[in-house]
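Multiple structures follow.
In what comes next, chain A is part of two complexes: it sits with chain B in the first one and with chain C in the second one.
Moving on, here comes the complex of A and B:
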C-alpha cells in the first residue's frame, strides 16, 4: 500500500466510516467525522505508525480538512 | 450569602482587579458587580415569580457570569446553557424547568418557534439606565434556595435539571478555598462550557478569592494554534480541566512550564485520571501540584480529592479519587442498600451539605436517587468504588448505563431514544467500545427502516444530521453499523452483554 492509502485507511479506522475511502475529498470536520478528540487520536496514531510527530498547534483545520489533504500534509513532513 | 458578600468585598476594596478575561473583553470586579446589579434590577422590575429560574444562553463571554450573578442577586436561580446545545434541547429545558425568562448573552439570535417565555438580549438589559440604589442583599438567594440548575443527560430522552442551592455551593466553595492551594488573587483557567459543572470548579473558587478567570473558547479548542497563543498570554496559575483536555495539550511538545511559567496547580475532575498523564505533567511542570477529584453534578461538582504525588504514582497503577471533604461522608452499600465490609466494592452514597435537593420538577426520579440519612441529604451515585485501609477511595465504574466520554456525562438510553426516533431507524442500541479500560468511542447498532440510500454511509450521514438537531455533538456515536436483528433478552429489551460480544469479536 502506498503512503496515501495508508493514511486514508488510518482515517477510515479513526472515523469508523468507509466514506473516507469512497470520497477522499470529504471535509471531515463539516461531515462530523472528526472532532478535537478524534484529531488527538489521529496524531497519536500518525506518530506510532509513521513516526511523524505533528505538534497539535500545526494541525490547522483549514488545511488538514480532507483525507487527501491530510495525506499531502503528512507526505510533506515525512 | 457568604460567597456573594465576599465578591462584593473584592468589588469594593479592589475594584480594578480583573475578574474575567475572554478573547472579546476583560472586566474588573467593580464592573462585574455593577453590571450584575443592573441585571438584578432589571429582573426584579419584571416581577418574576421568585424561584422561577432564568435560563442564561451563551458561550464564554463575561456577559455570562455577570448574568449569573445578576440572577442570584435578584433571588432567581439560573440555568447555564452553552451555545453548543441544539435549540430543540434548549426548548425542552425551558419547558421542563418552567423558566420565567431567557437572557440571551450569546450575541446571536436564538431561533425558536413560538417561545413560551420572553427572551431578552443581554445588550438590551445593559441599555437601560442603571438604578442608583444598590440591590438590597435581602433579595439575594440564600440557604436552601436554588443558586443554579444544571441540566444533564437523562435516560428517558429528556435532560434532567440538578438543583444546586446557595448552601450546596457555599459548602463546595469553602472546601476548595480551604483544602487546595488556590488562594491569593490567582489566575484561573476555565476550559469547560458553563452547562458543564466542571466550570463551577474554577468560576466560584476564583471569585471567592479575588482571582481572575481566563476563559478558553470553543474556537480555541477547534484550533489548537489559537489555544496555545492564548495559553502563552494567559499567565495561568490554577489549571482546571478534564484529563482529556490536558491530554490534547500534552500532544504539543511546547506544553511545558516554559509556556505557563506561573502554573502552580492542576485540578482534574470529570473522568478517570490516568497515571500516564500525571507522569508527563510532573516531567513537564516540575513546579506544579496535581490534584485528582471526584464528584457527580448532584453533589456540587466534587466531593473527594487527593494530591497526586510522585509517591502516589509509584504506589498505585490506578489512581485513587482520594478522601471525602470534611463535611461529607461516603457510604459503600450493596444492591440491598446494606453497608459492605470495609475494602469491599459497593455503590457510593454521598451524604452531606453539598448534596442537591433533587431534580427540578421530577419528584419520582428524585425519590429514586435522593433520600435523608441521619438528618442529612444523601445521593445514590450509581458509581461503584471501594475504600482501602488508608481511607483512600478507588473508583470501579458505573452500575448502570451512564457513561463518561471525554468528561461528558451521558445516558446510553437517552442516545438510543433519540436514534430510535429517527425516521430511518426501526430500533437502535448504543454500546461503548473500550480501549484499555477507557471508552474509545460509542457504537450505534441499528436496525434500519427501508430506505433509498445507495450506501450505508449516506444513511449514516442522514441519521447523524437528524441527531445533531436534538442532542449535543459529543453525544452522537462515532460509529454506526447496521444489522437485520439485534439480540434481545426474554423481556424484550436489548441484550447488551450478548451484543457487546457480537460486535467486539
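Moving on, here comes the complex of A and C:
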C-alpha cells in the first residue's frame, strides 16, 4: 500500500467513517468528521506509525483540510 | 487616548496613515514607515498615563529578553523544565497584574492590552519549543509584532509566523488598492456596529430599562438579551476597526467574529465568537493537553480526556478575563456546556436521535442563542451586583 492510501486509511479509522476513502477531497472539518480531539489523535498516530512529528500549530485547518491534502502535507514532511 | 474611542483618534490615524496609503498605491514598501507610525500611535495611546507607559516598556523588554534567551537555548537544548519555566516567566507579568489589585492600591504592572500581549509572548515560546522558530528573530520585527498598535488594546491575537509572512510579501499597487478598499470597508462596518448599533442598544435601551421593564424578572430578562447584543456589536465593531487599520498597513490580522448568533451548537459558537482567542486556547491549551496525555497514556478514556481538556480550557479562559466571580462562573458554565454537548454528540452519533435537516438546524440555532445569552448574562456580572 502506498503512503497516500496508508494516510487515508488512518483517517478512516480516526473519523470512524469510510466516506474519507470514497471521497478523499471532502473537507473533514466542514463535514464534522474531524475536530480538535480527532486532530490530536491523528498527530499522535502519525508520529507513531510514520515517525513524522507534526507540531500542533503547524496543522493549519485551511491547508490540512481534506484527506488528499493531509496526505500531500505529510508526504512533504517525510 | 483610548484606541478607536473617539473621532479625534480616527482623525489622527488618517493623518498618520496618509503616507502609508500613498506608498501602498504606488506599490512601494511601507513597513519601515509603519513601524514609525506604530511608535507615534503608541505614544498617543499611552500619553495619558505615564505609569502604564512605563509598565508597557518594562513588559516588552521582559518578553523580548525571555524570547531571545529561550531561542538561543533551544538551538542547543530542549529540556522540559526550562520550557515550563519560560512559559511561567512569560505569563508572570499578567498574573501579577491580575493579583496585585488585591494586595496594593497602585497597580504598577498592568497596562491597557497586557492580557492580549501576553498571548503573543507565550505563543512564541511554545512555537520555539516545537521547533517552528529556529532562527533568531530580528529585533525590529519582534517588537513590531508585539507592539503592533492597531491590535494592541484588545486583539485580534495574531500569530508571529503569519504576521511575518505579511511583512515579507511584496504588495503591488493594484493589490494594495484592494487591501485598502477592504480595510476602509471594515472600518465603516465598525462605525455601524460600535457607534450606531452598539451605542443605540446601550443608550436607548439598557440605560432606560428601569422605565421599560415592569418587574424585576422582566428587567433581568431584557438586560440579558440587550447586553448580549451590545457586547457583540461593541466588540465586533472594535475588532473591525483593528482589522481594517491592519489591512491599510498591509497586515491581514485574523478575523474575530463569524456570525456567532447563528451557531448551531456550543462547539460551533466557539468557532465563531472571539475566534482569535478561542483558537489560541484550542491550539495552545486544549490540544497540547490532550496530546500530552495521549502520548504519556495517563488517561486512556477518550471522553474523559476530552472533557478534562474542555474544563481546563474554559476555566483558564474565565480566569483570564479576570479574577472576579462572574468570570470564573462564566468559565465553569461554558466548560459544563461543552462537556454536556460532547456527551450529546456521542449519544446522537450512535442513536441518530437528532436528525439533520433545515427545521432542526433552525431549532438548534434558536436554542444555542438563548444558552449563549445566558452565558453573557453571567459574564455581565448583573447576577452578582444587585441594585446596579
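Keep this in mind: the second predicted complex is superposed on the first by the 78 of 78 C-alpha atoms of A that agree within 3 Å, B and C clash if a C-alpha of one lies under 4 Å from a C-alpha of the other, contacts with A are read in each partner's own complex, and residues count from 1 in each chain.
One rule holds for everything that comes next: a residue touches a chain if its C-beta (ideal position, glycine included) is under 8 Å from a C-beta of that chain, and two chains touch if they have at least 3 such contacts.
These numbers were taken from a predicted model, which means no experiment stands behind them.
K.L.:
Per the contact definition in the header, classify A:49: touching chain B only (first), chain C only (second), both, or neither.
P.N.:
A:49 contacts neither chain B nor chain C.
K.L.:
Tell me which partner touches more residues of chain A in the superposed arrangement, chain B or chain C.
P.N.:
Comparing chain B with chain C, the partner touching more chain A residues is B.
K.L.:
One more residue to check, A:40. First (chain B), second (chain C), both or neither?
P.N.:
both
K.L.:
Answer with first, second, both or neither: which of chain B and chain C does A:22 touch in the superposed model?
P.N.:
first
K.L.:
Quick check on the superposed pair: does A:57 touch chain B, chain C, both, or neither? Answer first, second, both or neither.
P.N.:
both
K.L.:
Who does A:31 touch here: chain B (first), chain C (second), both, or neither?
P.N.:
Once the two structures are laid over each other on A, A:31 reaches chain B alone.
K.L.:
Once the two structures are superposed, pull the chain A residues common to the chain B and chain C interfaces.
P.N.:
Residues 35-37, 39-40, 43-44, 55-58, which sit in both footprints.
K.L.:
Can you list the chain B residues touching chain A in their complex?
P.N.:
221-225, 227-228, 244, 247-249, 251-254, 406, 441, 443, 455-457, 460-461, 464, 468, 473-474, 476, 478-480
K.L.:
Using the touch definition up top, name the residues of chain C that touch chain A in the complex.
P.N.:
Against chain A, the touching part of chain C is residues 126-127, 130-132, 159, 267, 282-284, 286-288, 290-291, 294-295, 302, 305-306, 309.
K.L.:
Mind listing the chain A positions that touch chain B in their complex?
P.N.:
That would be residues 15-19, 22, 31-32, 35-40, 43-44, 53, 55-61 of chain A.
K.L.:
Can you check the complex and tell me which residues of chain A touch chain C?
P.N.:
It comes out as residues 35-37, 39-41, 43-44, 55-58.
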